Amino acid sequence: MSMTGVLRPGHCSLRVLDLEAAVKHYTEVVGLIETDRDEKGRVYLKAWDEQDHHSVVLREADVPGADYIAFKVDSKATLERLSKSVSQFGCKVDYIPAGELKATGERIRFEIPTGQHVELYAEKKRVGNAMGDINPPPWPDGLKGMQPTRMDHWQVHGMDLDGTVELFTKVLGFGLSERVLDGDRLMAAFLTCSTKPHDIAFIRDEELQDRFHHVAFYLNSWEEVLRAADIISKKNVSLDIGPTRHGKRTNDLLL
Amino acid sequence: MSMTGVLRPGHCSLRVLDLEAAVKHYTEVVGLIETDRDEKGRVYLKAWDEQDHHSVVLREADVPGADYIAFKVDSKATLERLSKSVSQFGCKVDYIPAGELKATGERIRFEIPTGQHVELYAEKKRVGNAMGDINPPPWPDGLKGMQPTRMDHWQVHGMDLDGTVELFTKVLGFGLSERVLDGDRLMAAFLTCSTKPHDIAFIRDEELQDRFHHVAFYLNSWEEVLRAADIISKKNVSLDIGPTRHGKRTNDLLL
Amino acid sequence: MSMTGVLRPGHCSLRVLDLEAAVKHYTEVVGLIETDRDEKGRVYLKAWDEQDHHSVVLREADVPGADYIAFKVDSKATLERLSKSVSQFGCKVDYIPAGELKATGERIRFEIPTGQHVELYAEKKRVGNAMGDINPPPWPDGLKGMQPTRMDHWQVHGMDLDGTVELFTKVLGFGLSERVLDGDRLMAAFLTCSTKPHDIAFIRDEELQDRFHHVAFYLNSWEEVLRAADIISKKNVSLDIGPTRHGKRTNDLLL
Amino acid sequence: MSMTGVLRPGHCSLRVLDLEAAVKHYTEVVGLIETDRDEKGRVYLKAWDEQDHHSVVLREADVPGADYIAFKVDSKATLERLSKSVSQFGCKVDYIPAGELKATGERIRFEIPTGQHVELYAEKKRVGNAMGDINPPPWPDGLKGMQPTRMDHWQVHGMDLDGTVELFTKVLGFGLSERVLDGDRLMAAFLTCSTKPHDIAFIRDEELQDRFHHVAFYLNSWEEVLRAADIISKKNVSLDIGPTRHGKRTNDLLL
């Protein structure tokens, strides 16, 4: 478990070709909740049990993909400290003022060796999970779709896998929970900054940088995975792979 | 989530009236694994997916109960720092050298305001979960009983609830995830040093100090809770309360 | 398994003190679907995966309880045959013409030794489960509440338990799947006319006749039982007993 | 639901290349229980919650496959009646005396239009499910492998699909619960003689007769399907398709 101040995946900005179709997909099929929109046309969403203002930002664009992924850190002091460390590692660090994303404090952004743009931030407005703090029920009424409780992790691909793993483990304090080797060569690395099996997965791509494979959302049980698969079938959503187990289920590996 | 260095519940020492009957209960009904015994007659056990040498220590005695509960911290430096802080808070701190418990480094021990003896330690031998690190299966063969994956939390009772909560939150860095109030009076406090809903629960007792209510072990699903209840029924184990939901299931509250 | 022609529980008529409050409870909490109303003010409901027009009929009355419970038989010939057999057994049999209940064919009704009014019928309009017959999805959209798939069984109480069991086993062809004995005395009998563990449970009452204890609806999994318990908690519904296992789960006992 | 006297799938005789390896697979991986062996070298097995002496018979042979599949009927009278009906339909009916299979009464055997040998029998010794009849626990101790509760259905392939469906529906009283059409042409038929979604599936094969695709065993939950998949992975068993949903889950369709 990281004690260096990176807490968890916080948000990602996704480019979609048709904004309203995407909002409909993320709210009615995936089951996220729209929390806000801004003057740039961006739509903010969160999973129902998340406390912060948003975990997914959608914006319309001509080419689909991810603009950036962002991790929450534990304080502004950590944000300043890591800004220097990342810069010393050799990444150019950009500063984004508070408010550029709604309800979100200042962010730093840098390009990692596999090509992705990664952000860190310390502050985001806490909007709660709609159930209040006094005798809350186990879940709220009115949920739709797959009803994940929270965003869980991302998988991204790029060429300089070794460089990215070095940045995340030596500078950002992540731990390596699993890896795939081809002989001695690292082909995939699953990293965690928490007690989760992984918070981000990096996969080697021999030819392309900055590929975004998936954002994963957390379901509470294997039965909810079946229900999600039913919804995929009912809604004719394109499916890559059916229900399966992969990775380790323990969450204490790195303590 | 605590960033002050206390990682998680690590072990507890339980007094039992009949050692071999207790070992049989903990291995065949609960489903822990015996990992060691020592010259004092103590038996060491762990849940199957725990990596460290033990999480439960049993010893035979005339009066049942708990000798102490112990939390793992992230380093010897943290151990030293917290030793001073706890002492400054007003608790007498005893030092226990490495090796007093098998496979375990040096510990500090102090009595908290509700009467329990609490330990901190930084080092315990990693014995693994019997599946190795290379392409491990999802679970090992030969499991018995309820098959919990790990020890989860304790619930203890005592008179000076406010004092204990102050110690755990202000000195040890725990967060308050839930509480029960009788008017303005705190009757129960659920505290966490991690991303779990709680790592320890303290309940006010008006008359008695140092009561140990339960140690809880983690099951992976509601269906495993049913299976555990079946085992309780099959083995005629005394049961306090059947399957139920209590507390919040979110684990992101305190970030 | 009965080969004498009684297929399964078909419907029950329940008296409620406030019709619209009851409809709201059965549709929004239990999750039945209202299929019809009639000129007598009765409301017809069914579970979502039932094919026939209704399984529950509600009517407003000054005293709550059950008017009658009804079993479906496989043909009008069986209905005629069982009408004679029940009459020969000593029960007065009333004939109710088709259409008295909407979408339902002719029924016979008789009082059983424990005091309940029991009906048999062979025909009820098939309205389907709203998903059609061509490539149906696994479940329909828009379900509410606990979402049981079908009505499962009833439990009723009365004084002449032996008489009722004789009627159901010797005349109606039910099998005894479980019983509770107090010494040699039968205290409870669980009877089945199908491959289900029981289709009806009769309990001895020393003082009262014609008591209706419950109608049970079928949920697909233990996780759905937890979800139903959550709904009971969220809606502040009065609860008799929490999630538990009782009875045998095998369904092949009587073949 | 069939009221014509065929109760359910009863047993199948499978040819295997290595008997002891097959017994090990069926007992330790699948989790059946060996109940008997005979002087011909055949091994008898049953699932743990089945009451009758066996549901699977293994025999060593040079070519793998199924010798025959057998359905249980409700009485010897039904056996005689169906023997005549099947013969009138045009199938040659062979008589096999009681005792040819251990613990099993007389059987009739005939070849169906898709080439399989199908048996009917009325009597098999009831050996129980090892838990007794008085206050039985929900499941017995000592289960291994996937722990199915019972054999569920078979899928077989052959050329004259229409002929086989006519035999099963018009002579044996099965109902059609699902079918696959290619235009007007029947490609697959799922038939039931009970309240199960299907008891046997017939698939058209354009070139080969008497193909045996699979025997299915029943697991109690989707979580047990995951556990079975874990076992397949752990034991390196060849896998055709991972956990998925197919077919309808309703079991009331044909009443």
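Note that the chains are named A, B, C and D in the order they appear, and that numbering of residues resets to 1 at the start of each chain.
Note that a residue touches a chain if its C-beta (ideal position, glycine included) is under 8 Å from a C-beta of that chain, and two chains touch if they have at least 3 such contacts.
Here the structure is a predicted model, which is why all the values come from computation and not from measurement.
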item	value
Labels of chains that are neighbours to chain C and to chain D	A, B
Euclidean distance of C-alpha centroids - chain B vs chain C, Å	48
Residue numbers of chain C (touch at least two other chains)	138, 221-223, 230, 233, 245
Chain contact graph, described as a line, ring, star, complete graph or other shape	complete
Complex contacts: residues of chain C adjacent to chain B	222-223, 226, 229-230, 233, 242-245
Chain A-facing residues of chain B, complex	1, 3, 5, 7-8, 49-51, 72, 74, 129, 136, 138, 149-150, 194-196, 220-222, 245, 248-250, 252-253, 255
Chain D to chain B touching residues, read off their complex	137-139, 141, 221, 223, 230, 233-234
